[in-house]
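First the structure, then my questions, so here it is.
For clarity, chains are labelled A, B, C, D and E in written order, and residue numbers in each chain start from 1.
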Amino acid sequence: MTIPSAPLLNLTGIQAGYGEINVLWGVDLTLARGEITALVGSNGAGKSTLMRTLSGLIVPTAGRIDWAGEDLCGQSPAQILARGIAHVPEGRRLFSSMNVEDNLLMGAYARKEPRAAIRRDLDRVYATFPKLHERLGQAAGTLSGGEQQMCAIGRGMMSAPRLLIIDELSLGLSPLLVEQLVEALRSLNREGLSILVVEQDVITALELSTSAFVMDMGRIVQSGRSAELMHDPAIRSAYLGALAA
Amino acid sequence: MLILQILLNAIVLGSLYACIAAGFSLVWGVLNVINLMHGSFIVLGSYLAWGAYKALGVAPWTSLLIAAPVFFILGYGIQRGVLNRVIAAPVLVTLTLTFGLDLILNNAMLVAFKADYRQLVLDPSLGSLSVGSLVVPVDRIVAMIFSLLLTLALFFVLRRSRVGRAIVAVRMDRDAARLMGVDVPSIYATAFGLGTAMAGCAGVLLAMIFPISPIASGSYLGKAFVVCVLGGLGSVPGAVVGGLFLAIVESFGSLVLGPENAVTLSFGLLIVFLIVRPQGLLGKRGFE
Amino acid sequence: MAEVLVLEKVSRRFGGVQALQGVSLSVGSGEVLGLIGPNGAGKTTLVNVVTGVRSASAGRVLFEGRNITRLQPFQTARIGLARTFQIVQPFPDLTVLDNVAAAALFSQRGTRLSEAREFAAEQLEFVGLGQFAAKSAHTLTLAMRKRLELAKAVAMKPKLLFLDEVNAGLNASEVDHAMVLIRQIAKRGITIVLIEHLMKVVLTVCSRIVVLQNGALIADGTPQDIVNDRRVVEAYLGKKYAQLSAARG
Amino acid sequence: MKQRVYYGALALLVLLGCLPFLDSSYALRIGTFACMYAIMSVSWTVIGGFTGYPSFATAAFFGLGAYCGGVLINKGWPLFAAAGAAGVVAFAGALALGLVLLRLRGHYFAIASLAVAEVLRELTNTATELTGGGMGLNIPVSVTGSSSVMGEASFFFWAMWALLLLTFIVVRLIQESKLGFGLVCIKQNESAADMIGVNATIYKSLAFAFSGVFVAMAGALYAAWVHYIEPPDVFDVLFAVKPIVMALLGGLGSPAGALLGAFAFLGIEEAVWRNYLQIHSGVLGLLVVVLLLFLPDGMMSISKRLSQLGGRRG
Amino acid sequence: AQEVIRFGAPLPLTGPLAPEALKQQQGYDLWAEQVNQAGGMKVGSKKMKVEIVYADYQSNTPRAVQTAEKLITQDKVNFLFSPFGSGAAKAASTVSEKYGVPTIASTASSAEVYDQGYKFLFGTFTPNDTLTTPLVKIVKQKAPEVKRVAILARNDLFPLAIAQEMDKAAKQYGLDVVFFEKYAINTMDHSSALSQIKAKAPQWIFVTGYINDLVLIKKQMEDQKMQAPVVTMIAGPAYKEFVTATGKTSENISSAAWWHPAERYQGQDIFGSTENYTKLFREKYKAEPDYAQASASVSGALFQMAIEKAGSLDRKKVRDELAGMSVQTFYGPVKFGPNGQINSLEPPVFQIQNGQPVVVYPAAIKQGDFRLGVK
């Protein structure tokens, strides 16, 4: 067994919401460095809200986000991105009339590296998603649902993050593509990228990740190593549905 | 010969139209704001050139160096301070807001400069070039060259620079752009500043050519509208093509149908274009 | 089994992209047909062409024997074609009830608003959104919005219903619930074309499955045939899936 | 809440109908203007508020109506027949135009509708035979039969007032009807509306036509009232912009709001105009800006805020 | 406190006509200042000061009518000056007639304004043909070789009316009108029309419009190197700004107006003589007066003479005094015809010579001879 690595990110008592509506009620969560972590939970549990809080789109009303000893609460998305956290939001949110390549380049907007480095990453995204290469001049808004998802993930990869957050990883993707994507993420992870995925398909989530958290009603209700959770009867009955049972 | 002369007039005039419209098109296409102050900004630029020439003897093309930063800052400030507050609101709200702001700006100019027409008369006058029986006024050529240069500069800023891409990104999805590390309010303000700077510079150049008065703002705005739609929203090369196209249609329309129909023709053309080709001559389909 | 919908060599291009190429297909009355295929295969485009949102570049679409290739969306809606959107499209500021009432009102001639509301309320109960009737649609969560899409589609009393990824983004138990609904809709005699990437749904609900790839039909058969079709496995399901189903036998 | 605003607006309207008994022809003139603008802004809500298409065609309808009315009255038509004809022409024209223009969305539609007024104005300008062109059109005929100052003023006031009442009622009926429901669906999501069987093209064109018919009739009354019209005057872009500001002031999308907004706006404008001679347009601009920045939902948001405050206290 | 006489002046202080409004205002103000400096005007036994109540009608005709009504009923003015131009004056005259308020229109020339049979409306501009006919006569006489005339007119009430009069007069005197076109009000550029004119090689180019149009057209004529023996522009050259804005190229441009500072009239009015008026105006505004300002001032002066003669503020009496009036003023002899429009005035024709406007007609006051050749 590997020695548990040093925590990358540590959330304590995060409360956040939209205006007067509170959604997160004190979330505590620790991400290990260099791991793939999964976050699962029913619709409306607050998963996306938590992701938005992490990337600075929402400012939490209480709690602390600890990143290498620094509190990220209240920092702007740009500052958080500069620390190395990239967020692939739910619903893709592509720049719809920009073409695919420009969308990907926007991912590298905040990087101040030479063009060649950015170019290399671009080629890697194309290698991961050959379909995107075929469509590189097409306006992102006219891509099919699944192609858009690829473009969004590719755009996240382009910011060369240390932690990549992906909300709704497999949404609308074909089984084959999910499989390929999982492979791609694993290989990125092997190169040192930490990943946090939100995923509705619990089996995929648990197979991909090393550890996982379960969220409900704005709180973390369960956590552990993915392999163990996979066999947890409570999880199986709540989230795997009739077929798995 | 008459045909050639009219074509020549149209080409020169068209590039002035392009300069009038480029900034307007940028703000409209990118910020999704129809800036009704655009005409007044142009007039203000003309006053700046007029004042600089009258008081200090500074030639208009030199005044550009002052006008560009001054107007950029003006636009940046207006966007940051006022427009940004409602930037996410529906079309009508921002439009009406700029309408209100324009009332203020125009009234202020009316009080400050009075309504009477002024003219920047270059001394000595630049005269006209003639080739055979064709003539072109030199001041228009100067204005044309500078306006094409300015438009080109704007084009490169938008197309080639990081800021340019960010401007387009913000336009399409604010939150997603924020996630890419874009400082949204400052990008908006930069875009508006660029548009305002273009208006100011256009005004400086036009001061050599057209009489100056706060009242003129309306017709500049009208031209900007038409050119922008003809060329394609937010497209800088589109502004050039649209400007030329409009000038040619107006000039030949005036020849064939009589001058009183030139304005009708341009607005008729606008409607036809909106219907058959809303993306304009150079605009891409799918841009909203 | 009579044929409700027939596609004859339907093609559609977008610039350089051949989104559909010569697709011929017939859907029998009362059938629950699965339509699957890789991302970008042209599934949504097919729905768009049939419902009149996009025009076909070539080919014909017949609905109950009538050529509907040139009809507008509102016209197809009135003759009994309904669809849900892959990306849900409610009327955000209307109440949930009015969303459904609108569907009932405009799809059938001569309905009155009060009747439409009554009918809509029934449909909301049917999909389990009864207690949200008075809420604005934009306050619903994704799962509920998907159900709202279903209610709207059903309220149109369609003969043929396209369900475009109604289960995407739902968790397992919500998917189970949705499957029950789909079965009930089918029982009402409504023909269903189901587009879905969740194989467990497709395999359990559909009696027949067709597979699109790069705009062309590559397979057509029972769920069992499809799972064992080598081309489908390579292009769509993936090796892992094949292993899994092989293991299950 | 909505019903209350509606009845409030109706009550105000009825009250306004008593204006002639004040026996001040100046007040009557303002009242007539108020009714005229209210007709415009209430009509505008059909296309701009219900349907969500930012129309700037009000000036076009108004000018068209004024010239139709003016020309017909000069040909010897009685006033109400001329006004009716103006309405019919505008309705038919808008319906036909709507079929093409309303394919455009958002800004594109706004500009196209703005351009319609420009084109009509220039056409009127050039059709000298019919309209007098740049020389303007005199409508010297007294159509009221009353020669007294107050008699004529009251006549036009009541005519305009009655037209406003009619407009208001018709627009409310539209709002409650299947047409109104369909328009709201179109506003919310046009492609989804299409998919459930709303014939969006026809619906939008009808909305456009209804937003024009009463405005054109008001234009005809206006022409008879002022006895002299000229193209830059009746096709003035302000006739397109002000109704929108009024509707925004009242709270977008509600006819009662538009009505109240029109009265409020004219009240403010009148006050500003009287008190700030040189800078009244600047002050007006400032008001518009302040309004938009601090009352984004118009006057409706005042009452909302008040009730919020009350709620918190209670 | 001393009693005041209130004059209402609805003006287009904002909008496209704003420059005109300013001129009107200057004219009225100068007169009011003179009266008040002299301690007011004599009404019967009293001396009464003058106050002018301005109201802006935003260059919008119906608003002008409303404004006139407001001035009469709310601000309780005793007398009224018409709004600017024939259209608005005509529209507003209904109101003043209704209330029986004597009104002087200082900028309305169209006969239709006065032919409504109204009793309380008077105007200080003669009909438009009195401007064009003398011009044609002079050119006929001075340059019989001039045959081909091109007319370019702004498609707007006054400029168009003048152009039509010109067309009539030219034809009547046997000239050949080779080009007669209108340009739209919002025209920003005239190069196409001018190229067309140039191609017709006219000997007389006659252009009407407001000052901005004319400045621009002159500049563009120069740009296109257009020359003609006679170039006439109405109404720009009467204004000082025109000469400033066009510089040397305005040399020999001819024009006509209802008044000109170069005239030399001796009057019984408060200003005494044209020279004195011009002097006072220069002192107050550091600029040359033009016909618009003078017409405004004389309108005030005429009211003053009528009121002093009537010895009362009674509107009816003052109206009768105006109707029967026959006086000399700095503006020229004033006598109103039966319809209220002035008929005693012979509008001067003048020409820019050496950067100065010089009166060339009528003979009685002429300062120089008509010259040919405009570059």
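What we mean here is this: contacts are C-beta pairs under 8 Å (C-beta built on N, C-alpha and C of every residue); 3 or more make two chains touch, one makes a residue touch a chain.
Computed from a predicted structure; not experimentally measured.
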item	value
For chain A and chain D, chains touching each	B, C
Winner on C-beta contact pairs when C-D is weighed against B-E	B-E
Centroid spacing, where centroids are CA-atom means, of chain B and chain C in whole angstrom	49
Distance from chain D to chain B - Cα centre to Cα centre, in angstrom	31
Chain A and chain B, separation of their C-alpha mean positions in angstrom	44
Intercentroid distance (Cα basis), chain C paired with chain A, Å	29
Shared interface positions of chain B, touching two or more other chains	107, 110, 222, 260-261, 263-264, 288
For chain C, residues contacting two or more additional chains	none
Set of chain A residues in contact with two or more other chains	142
Chains grouped in pairs wherever the two touch, ordered by label	A-B, A-C, B-D, B-E, C-D, D-E
Chain B residues touching chain E - in the complex, by the definition given at the top	1-2, 5-6, 9-10, 13, 107, 110, 114-119, 121, 123, 125, 128, 130, 135-137, 139-140, 209-211, 213, 215-216, 218-220, 222-223, 250-252, 254-255, 258-264
Chain B partner contacts - residues on chain A that touch it in the complex	55-57, 76-78, 81-82, 86-87, 89, 93-98, 102, 105-107, 109-110, 139, 141-142, 155, 159
Complex contacts: residues of chain C adjacent to chain A	14-15, 17, 36-41, 44, 86-87, 141-143, 165, 168-176, 197, 199-200, 204, 235-241
Partner chain E, residues of chain D touching it in the complex	24-26, 29-30, 33, 122, 125-126, 133-136, 138, 140, 149, 222, 226-230, 232-233, 236, 238, 273, 277-278, 280-281
Residue ranges of chain C touching chain D (in the complex, touch as defined)	51, 53, 72-74, 77-78, 82-83, 85, 89-94, 98, 102-103, 105-108, 113, 152, 156
